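Got some structures for you, see below.
Here subunit A shows up in two complexes: once beside subunit B, once beside subunit C.
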Partner chain A sequence: MGSFLPLLAQDAPAFPSLKADLMQNLGAAAPEGFLCLMVLVVLLLDVIRHKGPSALYPKVTLAGIAIAVVLVCVGSGDHLVGYNGFAALSVDGLGRLFKLVFLITGALTVVFVMRSGKSYGREGEFQVLMFGALAGMCYLASATELIGFYVAFELVSYTGYLMAGYRLESTKGAEASGKYVIFGSVASGVMLFGITLVFGFTGSTEFSVIAEKLMAVDTAEPALMVGAIFTFAGFAFKAAAFPFQFWCPDVYEGAPAPVAGFLAVASKAAAFAVGLRVLAYGVGATPSLDALDPNLGQLLTPNMAFTEQVLAVAAVGTMTWGNLAALRQNNLQRMLAYSSIAQAGYLLMTACVVLHADVSDDALAAIGFYFLIYLFMNLGAFFIVTLMRRDIGSTLVTDLRGIGHRKPLLASCFAIMLISLTGLPPTAGFVGKFLLFAPVIGEGLFVLATIGLINGAISLYYYAKPMREMFLKEPDETTGDLRVVGFDLALIVALTVPLLFFGLFGWDAVADAARDAVAVAR
Partner chain B sequence: MELTLLTFLPVIGIPLLWASKDVKVQRMIGAGVSGVVMLLSIWLWMNFDPNHTSLVGDGAYGFSHAWISVGDSFKINYAMGVDGISLLLILLTGVLGFLAAISAFTIKTKVRGFYAMYLLLLTGMLGTFVAMDLFLFYVFWEVMLLPMYFLIGIWGGKQREFAAIKFFLYTLVGSVLMLGAFLAIYFQLSEAFASPELIAQGLNAFSIPDILAHHHLIFEGNSTVRMVLFVALFIGFAIKVPVFPFHTWLPLAHVQAPTPISVILAGVLLKLGGYGMMRMAFPWFPDAVVTAWPYLATLAVVSIIYGALVALAQTDWKKLVAYSSVSHMGYVLLGLASLTEEGINGAVLQMFSHGLLSGMMFLCVGVIYEQAHHRDLNRFGGMLSIVPRYTFVAMIAFFGSLGLPGLSGFVAEMFVFFGAFKSDLPDAKIFTIVGTIGIVFGAVYILVMIQKVFFGKPKETPEHPYRDLSLREGITLWPLAIMALWIGIYPAPALNLIDPAVANWRRTYFAEHMPTPPEETGDLEAPDELDTGALPPDALRWDGLRLNGPGRDGSGRDSAGEEK
Partner chain C sequence: MGELTITHFLVLGALLFSVGVLCVTLRRNAIGVLIGIEIMLNACNINLVAFSRYTGDIDGAVYAVFVVMLAAAEAAVALAIVLHIFHHAASISVDDYTEMKG
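On to the complex of A and B.
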């Protein structure tokens, strides 16, 4: 593998056949390319039709996403693609797994927006933004070098800013968007600064080379570490990880509920996809350590141990802060925002052990599995919030009072989602948490795991709040009623059934599939 | 197969509740399903050979099938099994489950939802007793929480919401600690089981029998980690028992829960803590138990005395009964931790007896509360003359709880104290003597309560005059009374069931860890006094248990001495 600048390339391979290489590149980047194409298509459609029935746009989007899913699924094998021996994209299972998470999340978000009952007359814009965001995320999941990564990262950010402010009439929406832009820009700037430092000291923009230099080298170069930490700050911002989580509640509360759900799942997953790839490359770059005696502590180089500590601190801070802040929330949407911060903390906890070569794949698979589950339960909860805003006009927890007596099926489904978010059996959320905690405990990080487990127990308090309102309180005249029937109800049930089913049966098949998928082309 | 049927029968019954809109039919379905569960549990007991002490294997009902396997990291089995100890508790669950379902006929609102949750709870409890795989066990253990949350939270008293969430949070903290310990044990044992000597046996580190058989391999030689794991498991189970100072959820939950749920809470749920200690925490870490004995005994004795003293201070009748549970479950811990055959038998018997008696007491309180709509002890009086039939059966419950000879509580407590007294563990006699003070306090709070409620003159006239025991209430109370009497006079059926398992438990896990007694010459405690004085004559007639003879106990001790 050569480096980005030909001047620095000491051992650049012979220029390969351009035609074959280009064709291969096009095929490998087909999902991203198609999503970019869809941005143009919908933009043109919007210009041509200008005014017209808005129901067309969601259908176009869903069809486009469906095609993208097919394109992701038909791709197979693990290979690096690029030109001139320079790897820009890795087409592999890890990328495919996360792309599926993004695309399903995107599709559900579009449906939620469609069902949110508000027509802004700007449906076309939203679909454009959605395709842009998905294209960026999909690229992120496969990116193997910094330039493409940064462009995609910014694409995801800008579309995110605009989507967060989509509810123009609401001052909270404007505030959300404004905050997101300002904090996001600062984070991007910091990250870009970090990237330049990293490039300067490693002489490469390729993750594999950087990871090798960062992780496998025994002696730390202080400026390089600063660069790495600044770059990490950008990820942490996107993943809403401690100490860069402060923007999250305001933005998630102010944004339309479906968008908040999208940001909480897809945007977070995108940050994790890149971060995990870097970590996995770091492990892959140090094959000699695999052969060592797997005694604890022996396995990690000093830099890896440092990375693990940074991640562990971030994990503990994220989950604890998220949980404690969520305890006091009365607004369901804001509570879910804090809870999604806490959930990122559990994922970061497991990310720590991705660095441990013997459980690396287990940990990656657990995180992938958790995102697949998290998608259903978290989006389902945000859909309930969407419907509350539509039918009641408010998203306070107390607005759910007595729903369990009026709409038992709806309330039961929501309760199952909440139980799954808490991580109690027999739901898929428990299995997800089980798989997340297992490698951490297996690697002997008992303190970290215990903090995580206690946090899981604390989270019950606020996840039980809506359950208490729904079932333990009697409905009174003042509470509005959710008019959830037909399609909405069917959708909620459809989101709930996998949570129950995979809590009891067949989750081993999914977990195995995730494990097979995450083997990263190194 | 039998155990699968037993466990999932209640859940299968849930859809039947939607067969009719008539509340009466729904009640009949709920009670009917739990009745079938009871019959099945009795059938299991009748067809069980107590001498069969292996948990999974041929002969008993045990089985193990592959359930879930993820790559090479997890092999989870669908494994179930019973021994005498768990079967006695299953029997208790079946009986109380049926009687509480009948007593729940007084539930007026959302009957269908109540029985749906109730049956789910029943499955959770039965599953926990029979599960022989840690993952399965944990699933059942947690499955109990949610129905209980709703049962307290929807159908409970005034403070039901707070009580429900407090119960839920407390137990969840305990169970996540447990889960952490399970996973730590699993990974470490998986490595140990993959060693060249053991790999051929195909052991599974989630399988409870496999862990029991190789408990010494759990972090072998690292007594600190073993102690930490033991403490994590112990706290997880101690919250459920509950042992002081982990008991604070209990009074609130017991008092706020509706009567049938109080019965289940006190009668069965608390036993799950004791069962967990017997199946996991204690036998996996016998060395830690011996080391921790002074602390365990202190907690037990404090629970006994503290529970009794706090009960003495209550004016709320139901709260008094609730605190009496803290006191009585303290005996269980004392008996278990004494590590003598008598003590352990006493602990198991106390679990069974407490299930019967506390269930009865909660039912008795419920009968009056329904009519008076208050539970203030200072406002009752003279019940003896107003409702004599009720008083008669209530007396059995309260005197049984006090430890009156001839009732089950006496036999169990005596065994616990004999066992604790003759234990070779340090200072066992002091702990026992202090613990017996609890009996005195126990007598005081029960007698004061009886005096306030049943004797004297009525302090106020209720709106409607009290009616005596109805047929339905009689049906729920009398079977328990008869069982309490039966165990009190002739405990052989229960002891025959549990003793082989208990003896095997003690011999297998603790024989080598017991400290060598100061002198090996014969029996230290005068057995004659015990035989003639304290035990009811019939109690000596069973043939399973030799109290102080040169039998099992002495020989185990000898062999341990020789090894050393």
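On to the complex of A and C.
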């Protein structure tokens, strides 16, 4: 086991190999490095220009994100990058898939902010925060040890706090960012205390060593378990999972709608990316169990079974609480906040079976693929909210009354997004939900799957509410009209097309591609 | 009475962490809550340095340095946000931040 400071280690290699390692390591972290560079570039640009609103910043940001996407895509292979036997970063399919999710979400968010019709002369700062958040998230997706993970995790948190309060004149925005920063800091403090215990009792900051020791058969060290649970609390907070979901509705309602969409998709995906990696290492760490008695199939160690129970309780609580609370919401933005909590519940349900070696890859693929389509449907819905705020000034469900008669194309696209969020055919949401439920049912967790299906039925009620307003109610004079034409409409259609495409075609291709894409480097 | 062992440091860390949690939950003043959070982070630092010393491995001490740095960044961000709220609510009591409910 290498030390974090390799030069202090006894077997420090000679200088030429240091240089070679450095180049290789920098290459592995190219997307993150580039995003950090863009933070500085935009910050300098903002200081130099300082001329108030400018259309330049969003373009710079979109160009930067495009280059980062290219850097992610050209990276290939599945290997760990580190120094002197110490793995600090992994370059693998799971990381790449999640990085693409973050970057696409970031690009769409920047476009949404641009189209939100609000300009405060501080665009440059928002782009700085966006690049910072993306750099942190991308690092999280491939981090394999605790120190880098913690720094990236906090980078994502701090930029998120500031983005939530980005609309300076909004009292609700200030309250949202205040609640987010206080709850968030407490959660990360609790997580850090857990991490210190985990670090102390496993003696390593590497995820692979930690997962191995946590999942091993005979370590029922109470302090280690307390540490693991505290650490889980931090993840659960970031992913807005039960019982740490209470901050979520207020923050998502008070934050600007594009930012709420960004937090609901990218921030959540970042927490899942790290959590899944740790679980995947846990599976890889116990290969010898099958060898004990092949007839038994895979045996879960007591600690693995305990982890599965914790995740199952969190999953059931998250989806049920989210769906039940969403039922009585009239504000579309707040309803989407609860809906995003419920969606995290379905993902946690599938995360339970990542520990089962035989369906581990299926479960990882299902979660990765679900984030990819969740991005389109959820961001699309938050974009509709952004446009409602811009054109009507209110985001109540009843403000959508009769839109289906006035703007049939827009209303149809929104309806497809809502159907997809519910998980009904013929949309990508159905394929995604099917892939999420298949491994859970396959592993015989019928109670969990049944609760998930009942929740899906409950969610139909509130997802249908906007559809009823749009199509079944006649428009009256009092309802404002959405001026959605040209670029806005094209964007909404563009977000809807993948939902129909994945829903109608390429079932098997999608599942196979996802399975290939989520290889985890060990 | 023996000499100091790692247990002493872990107990101190746990006690300090509890003080921080109490401070966060009982204080109604946003600045007080932030101080509570800083106390929690420092409890973590005690743990990290103690483990580092115990194992003879430098990882924990390095981690503690990162935590100190991030705690400073966090204080900057959090204080800026509290100041921003004060402009809106004219109060730094967390009980007054209740516009959104349900």
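Following the convention adopted for this analysis, the second predicted complex is superposed on the first by the 493 of 522 C-alpha atoms of A that agree within 3 Å, B and C clash if a C-alpha of one lies under 4 Å from a C-alpha of the other, contacts with A are read in each partner's own complex, and residues count from 1 in each chain.
The criterion applied here is as follows: a contact is a pair of C-beta atoms (placed from the backbone, for glycine too) under 8 Å apart; a residue touches a chain by one contact, two chains touch by 3 or more.
It should be emphasised that the depicted structure is a prediction, and the values quoted were computed from it without experimental measurement.
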item: Three-chain arrangement built on subunit A, subunit B and subunit C clash or fit; value: fit
item: Winner by number of subunit A residues touched, once subunit B and subunit C are compared; value: C
item: First (subunit B), second (subunit C), both or neither touched by A:Y158; value: second
item: Contacts of A:V181 with subunit B and subunit C, given as first, second, both or neither; value: second
item: Subunit B versus subunit C as contact partner of A:V447, first or second or both or neither; value: neither
item: Which of subunit B and subunit C A:P425 touches, first, second, both or neither; value: first
item: Contacts of A:L146 with subunit B and subunit C, given as first, second, both or neither; value: second
item: Partner chain in contact with A:T171 - subunit B first, subunit C second, else both or neither; value: second
item: Gap in Å between nearest CA atoms once subunit C and subunit B share a frame through chain A; value: 24
item: Set of subunit A residues, in rising order, touched by both subunit B and subunit C; value: none
item: Residues of subunit B that touch subunit A when the two form their complex; value: 68-71, 73-74, 76, 110, 135, 138-139, 142-143, 145-146, 149-150, 153-154, 160-161, 164-165, 168-169, 172-173, 176-177, 179-180, 183-184, 187, 228
item: Residues of subunit A touching subunit C in the complex; value: 3-5, 8, 146-147, 150-151, 154, 158, 161-162, 165, 168, 171-172, 174-179, 181-182, 185-186, 189-190, 192-193, 195-197, 199-200, 203-205, 249-250, 253-254, 328-329, 334
item: Subunit B-facing residues of subunit A, complex; value: 362, 405, 419, 424-426, 430, 434-435, 437-438, 441-442, 446, 449-450, 453-454, 456-457, 460-461, 464, 467-468, 471-472, 507-508, 511-512, 515
item: Residues of subunit C defined as touching subunit A within the complex; value: 10, 13, 17, 20, 24, 30, 33-34, 37, 40-41, 43-44, 47-48, 50-51, 54-55, 57-60, 62-63, 66-67, 70, 73-74, 77-78, 80-82, 84-85, 87-89, 94, 97, 99-100, 102
